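When the chains are written out, they are named A, B, C and D in that same order, and each has its own residue count from 1.
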Amino acid sequence: MVTTPPNMATPAVPTDAPAAPPVSDGVKAQRQDFYGRLAQHDMAPLWESLHALVLKQPASPAVPYLWRYQDVVRDLLMEAGHLITAREAERRVLILENPGMKGSSAITRSLYAGLQLVMPGDVAPSHRHAQNALRFIVEGAKAYTAVNGERTLMNPGDLVLTPSWHWHDHGNDTDQPMVWLDGLDIPIVAFFDASFAEAGNAEMQTEIRPAGDSDLRFGNNLAPVDWMPASQSSPIFNYPYGRTRETLAAMAASDAPDGCHGHKLRYVNPATGGHVTPTMAAFMQLLPAGFATAPYRATDGAVFSVVEGEGESVIGGQRFRWKPRDVFAVPSWTEVTHHAESEAVLFSFSDRSAQEKLGLWRERRPAA
Amino acid sequence: MVTTPPNMATPAVPTDAPAAPPVSDGVKAQRQDFYGRLAQHDMAPLWESLHALVLKQPASPAVPYLWRYQDVVRDLLMEAGHLITAREAERRVLILENPGMKGSSAITRSLYAGLQLVMPGDVAPSHRHAQNALRFIVEGAKAYTAVNGERTLMNPGDLVLTPSWHWHDHGNDTDQPMVWLDGLDIPIVAFFDASFAEAGNAEMQTEIRPAGDSDLRFGNNLAPVDWMPASQSSPIFNYPYGRTRETLAAMAASDAPDGCHGHKLRYVNPATGGHVTPTMAAFMQLLPAGFATAPYRATDGAVFSVVEGEGESVIGGQRFRWKPRDVFAVPSWTEVTHHAESEAVLFSFSDRSAQEKLGLWRERRPAA
Amino acid sequence: MVTTPPNMATPAVPTDAPAAPPVSDGVKAQRQDFYGRLAQHDMAPLWESLHALVLKQPASPAVPYLWRYQDVVRDLLMEAGHLITAREAERRVLILENPGMKGSSAITRSLYAGLQLVMPGDVAPSHRHAQNALRFIVEGAKAYTAVNGERTLMNPGDLVLTPSWHWHDHGNDTDQPMVWLDGLDIPIVAFFDASFAEAGNAEMQTEIRPAGDSDLRFGNNLAPVDWMPASQSSPIFNYPYGRTRETLAAMAASDAPDGCHGHKLRYVNPATGGHVTPTMAAFMQLLPAGFATAPYRATDGAVFSVVEGEGESVIGGQRFRWKPRDVFAVPSWTEVTHHAESEAVLFSFSDRSAQEKLGLWRERRPAA
Amino acid sequence: MVTTPPNMATPAVPTDAPAAPPVSDGVKAQRQDFYGRLAQHDMAPLWESLHALVLKQPASPAVPYLWRYQDVVRDLLMEAGHLITAREAERRVLILENPGMKGSSAITRSLYAGLQLVMPGDVAPSHRHAQNALRFIVEGAKAYTAVNGERTLMNPGDLVLTPSWHWHDHGNDTDQPMVWLDGLDIPIVAFFDASFAEAGNAEMQTEIRPAGDSDLRFGNNLAPVDWMPASQSSPIFNYPYGRTRETLAAMAASDAPDGCHGHKLRYVNPATGGHVTPTMAAFMQLLPAGFATAPYRATDGAVFSVVEGEGESVIGGQRFRWKPRDVFAVPSWTEVTHHAESEAVLFSFSDRSAQEKLGLWRERRPAA
C-alpha cells in the first residue's frame, strides 16, 4: 500500500450529488468565447485542466532506459577524448539524456547525469556553482578532484562529492584515462531559478590542505571540537568503496535480504545523520547471486550504476540486462524488479533527499 | 552582496592557461558528425550546453505582471459564476498564468495561483491531493473551508491552509459571493513526479469537530500534551487577519521599518517554528504611508496580494500601480522596490520554504 | 507499562551461574582492610554500593505535600509584606521546601518553587541569572514583570516567563497586593555547577518596547521575517489565561477526557514547537466535574497550582484535598490520581523538558 | 570573555535606590520568630538564602585531583582481582571519588568514574540500566563487551559505549587482565530521579550478530536504508583508537594548534551529528611536544585519561604531573592549563552534552 500520513482518514456523508447536467451547445460556445477573453488577460479556467495539473498518481515523462558502457558508451567517450581537450570543454562530459525528455539534458525529471572523461595530463579547470554534484567512479584510478583547496584521489566505486558553492577542479596525473558518472541537481536548481556560478581565477586551486584531510577529519566519526557545518552537504568529499563494500558484506553475513532491496545502504552526512546533499541521496545495495526482488515503486527518480555482477531489471515492464559500468534510469513511480545472476552490487542516486525535505516522498511495496 | 556560505573563499595560483586554440573547420565537422552519433545513443556533449545549464545567475522565464482586480478580474470571476457551477467545475477558479510561461498554468516558475469564486449555496466537493494549498481571502465573509472533518470560517485577510493529503471542501452558506487567492505548489509536485489525488466519497465531509477547533488547540501557543505532528505543515488551518494586523501595528509602533521590507512578518508553523508548509512560505508586510523600499532581490519567486493601501512597485524595471485586491508576481532574482502612497499592507507567498530546505535560497540587499 | 525504546529485547542463554560462594570471615576482614586503604587514595569498591547507585526504579527523597493557600500561606505572605520590603529582600518570596529534603530549598528533586508577594508600590530590582524562571499568577492583577526592557502586565492564571540570562524586574503600580508562584530550575543549575548572576545597574529597566510587544510579535503564530531565536526559551513572555482557558474549553467540548490527564495542554515555544524552557515544561489541565483519573506515574517531578474547582488527589497513597491557589508536589515515579468534585483546572510545571532532552523521561499508565 | 547570548544588553535608568535602612534588633527578633513559624509549614524566606542559591559564578564542591595509575591504582586493582570475582562483584570496579565530595561516588559534580578490571576468564554478567556508560580502554587487549547481543573487542585507546537501557556484559577470554575507565552519568540519573535497572536472565547474552557488526553498519558513514535511530545515543559501540589517532595526526599535520586545546576532537554520533550520548560528551586531543595551553574555563566538569606522553596540568592553581593511564578531574569553571613535555594525547569526557541541551554550557578563553 501507499505509505501515507495518519491524518488521511475522513468520515463522509453518503453523496447526494446529482450528476452534472449535460452542457448545451450554446453554453459550450459561451464558454469558449469566455476562455478567449480570459486568455487576453493572462487567465485560464482551472476546470478545463484541473485533472491534468493534479494527477491521481505520478506519470513521469521520463522513461526507463539503460546506457551500455562496453562497446557503446566507452568508445564514444574515448572518441570525445580525441575531439576536444578538457581545458577547451571545461568539463569533457557526455550527457545521458532521457529518451522521454529530448532536449532536457535530464536523465530523470529532476536530475542530470553524465559520464566524464579525464585523460592523462588533463585539467578540468576550477569553478563553483549552486548545483550539488556527486561523482561515482567507473574506470581508472588515482586521478584527483580538488574541493576548496583539498585534493582527494579517486578509485572505482568511490563516491566523491563537490557540494553546492564549493570550488572544485579535476585532474589526472596518471597514465590511464579516468571515467566517472556525474550526478547533479541541475534541473532542480533550474526549476527553482536559483543558479549561480563562477569561474575560478586559476585553472587549479592551490592546495591548502593535504589530500584526504577532510575525509580523516570527518569520516572517522569525529569532528574538530568546535566545528559547525557551513552547509547542508556532507563535509566528507570521498566515500571510498573499500569501506562501503565491507559494510555490505557485514549486512549480507548477518541479515536476510530485504524483499525489495536486498542489502541496501544509504550514504550518510555525519554532520546531520541525513542524506549527503539536501537534494540528492545516494545508495549502494548488494543482491545475492540468484536473488530476485519483489516489485517496488517510489516517487524518487533514480539513476543506477552497476559496480559488480550481472543480471537484469524489469522497469515499467521493460527488461534490461546489465553488466558492470552500465548505467540505467528508473523514473518516479515506475515498478522495478531486479534479478542478480551473480552476486551484484548496484550504486544509485536519486532526488529522495529533496522529496523527503518537501514532504513528497512515498514508496509502495507489495502488500505483506 | 549575495549572501553566501563561509566556505567560498579559495586561494588560487595565477592562471597560466593558454587561450583555447581556434578550432579548424575540419574539427568542427568531425564534432558535428560525432554529436549526431551521440544523439543516436541518447547522449549529448555537455560542453555545447554547459553555460546554458549552469547559469551565472538566475534568469527566470517568468516575468513581472499584475492582475487588476477591480474592473477586470472581478468581472470575469462573476461571469464565470454564471457560466459554470462549483459542482461541475469541482473548483471554480481562474488560473493566473504568467505571461512569460504560456501554457504552464504557473504564476512563478515553481508556484500556481488562481482566484476562486464560491457563490452563495455553492459546494466545492471534498478531495485531497499531495499538493499543499493556501487560500488568502480577498472578498466576502463567512464562507467555509472544511479540512479533515473540521470547518473554519473565512474573512478578508485571513490565511487558510489545506495541507498536503488533507481532505478539504469549500462552501458558502451566506448570501454574498466569496473570492480568495489560491496558492498551490502544483508545479513543484509535478516537477518531482510526486502527485497523488483522490476524490472524496461524498461532496461534504461530516463535521467531526466544531468549527475552529484546531485553531484553538494549536493557535494559542499550546498543544495537547502528547500530540505529535503528522506532517510538516502547520496544524493551524486559519491565521485570522485581526491577529496578523495587530502584530503589524505593534511592529510599526516600536521599530524603524526595514529598508527593503518595511515591517514584514513570516507566518509560523507552531509545531516547528518553521514555514507554514514545506514548500510554500507566507508573509505579511506593512509599508508606512510614503515609505519607499530599497532595491531587493531574492531567489524565491513571490506572489503578492494587496490588502490595504495604494502605491506602486517597480519590478525588473517595470512600474505597476496597485490597489487593494490586486495580485502581482515578482519572479526569482528580479529587483523590486515598493512605494506606498498611503499606509499599505501586502500579503505574499513564495517558494522560499522549499528553497531554504534545499539550500538554494539567497537574497541581495544594497551594500550597507 | 513502562514506555521503553524498541532496542530492549535480548535473547539469553539459560543462566548457569553458580550462586556466589559464602564469604569467610577472613575474606571479609581482608576486604575491610582493603577498603580502608582504597579510601586513603580516594577510591571505593563499587560492588558495595552498586545497587544503591543504580536503582531498579526511582525512589525520590522528595515526598508528596500540599501547601494550603487560604488561612496558612496567604497569612504568612502578608506578614512577610510587613516584615521586609521588596527592595531589601531583592525578592520577597517564601520558599516552598519539600519536607523530605530539609535544607535543600527544593520542592522536587530538581526544581525550586516559592510564592512571591509584590505589594502596591513595591519594586523588585533588576537582575539576571542563568536560571530559567516561570511565574504563575495566583492573586491580584496588573502588576508588571519587565524582561529585557519590555513590560508585561500579569493577571491570575497567566504564565509569565523570565528565561535564562534575561534581565528582569517586577513592580506593582496597583493598590492591591499581587502573589504568584515562582518556578525555577535552581537545583538543576546548581547540580551542573553552571550558575551565573548579575545585578542590574539600576532598579528598573528603561522600557525600550511597549508593554506586551513580544507577545504580539511571537504569540500570534507569526514572527519578524528574518528573526532567529537567540536562546532555547520561548520568545513569549506571557501566556494569558484567557487564551489557555478557551483552548481547554474547546478540548472539553469535543474530546473524551484522557483517562490519566483529563484534558491536558502543554505550553509551547512557538520558535521550536518544544517546551517553554529547556529545563522546565508547563501544563494546564481541565478535569470535568466528578471526573476521577486512573493511576499514573512519570519520572518528572511536578508542582501543581489549583486554578479552579475543588477536589482531592491521592499521591503515593496520601490523600490531599485542594481548593483554588493551593500548591502541591508530586515527586518522580509517585503514583497519582485526581478526583474533581467540581470542574477543576490545574496548572503544573515539571522537569519533563530536561528529562526528554536527556533521554530520561518515562511514564506508566494502567495496562489497557 | 564569557560566551553569552546576544540578548544580554539592557539599557538602564540611573539607580535612585536608597541604601537599605539598618535593621533594628526588634525587627531582627520579629523576623527570627517569623522564620520559625515558616519552618513549621515547610516554608523559608528566600531573602536569607538567595545569594547562596543563585551564585554569581560556579563554585563547584568538586576539587582538582589526579589518580596515579602506576604504583598506586594498578596495584590496588590487581589486589581487588584477588579479593573478589567479577561474578560476585557484578562489576569489579574501583570508584574514583572526588576528595571534595566524600560519600558521593562522584568524580565531578554530575559524573561518575571508576576503573574496571576484568581478569582472564572473568564474566561481568548481563544487565541494563537507564544510565549511559562509556568505557575508555587503559590496559590489556581483546577482552569483549557485548551490547544487545553483539560483541566488540576492546583495545587500548578505544572508546566503547553501552548506551542507556542497552543490555551489556563483559568478559575476558584472553590470558591478560584488562582495565578500562568507566564513565557513567549515575549522578545525573539520580538527580532526576529517573533510574531503572534490570538484571539479565543469563550471565551472557546470546550473540545475535557477529562481533563488530554495528561498527561496520554505522561507523563507515553509511546506514541501512530505512534505519531510524531508537535512542539519542550513538549506534556505534566502539570508536577504535587507530582511527582517532590518524585523525589527530592529520590535524596536527595541517593546522596550527588551538591556543587552549591544541588539536582537539569531539566524538560524533553519526545518526545526529551530536555528542555520543545525550548526557556525556567525549573528546580526544593532541598536544605537540613542548606545547603549553592558555588558561581555559568551561562549565562542564571533565575527566581526563592520559593516553600518550608526559606533562603537567595546572588546575585551579594546583600542579599535577601526569603520565600514560593517569586519570585527573577538572571541575566546572576551574581554570586549567596543560603543558606537554613530549607529544601527548589526552582523552576526556564531560557533561557538556547535557549542559548544551539544557542551554547551560559556557566557556571562557583569554581575551584575544
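Everything below uses one rule, namely that a residue touches a chain if its C-beta (ideal position, glycine included) is under 8 Å from a C-beta of that chain, and two chains touch if they have at least 3 such contacts.
Note that the structure is a prediction, hence the values are computed from the model and not measured.
Counting hops only between chains that touch, subunit B reaches subunit C in a minimum of 1. Between subunit B and subunit D, the least number of touching-chain steps is 2. The greatest centre-to-centre distance from subunit B, using averaged C-alpha positions, is reached by D. Subunit A and subunit C have centres, each the mean of its CA atoms, that are 49 Å apart.
Subunit A and subunit B have Cα centroids separated by 27 Å. Subunit A and subunit D have Cα centroids lying 42 Å from one another. For subunit A, the set of residues that touch two or more other chains is empty.
Chain contacts in this assembly form a single closed ring in which each chain touches exactly two others. Note for the complex: subunit B touches subunit A at residues 2, 4-8, 10-17, 20-21, 23, 27, 30-31, 34, 37-38, 41-47, 49-50, 53-60, 62, 65, 67, 72-73, 76, 79-80, 83-85, 87-99, 105, 109-110, 112, 114, 125-126, 128-132, 148-149, 164-167, 186-198, 200-206, 208, 230-233, 278-279, 299, 301, 331-333, 351, 354-355, 357-362.
Residues 209-210, 212-213, 216-217, 219-225, 227, 229, 234, 236, 239, 243-244, 246-247, 250-251, 253-254, 261, 264-273, 283-285 of subunit A are the ones that touch subunit D when the two sit in their complex.
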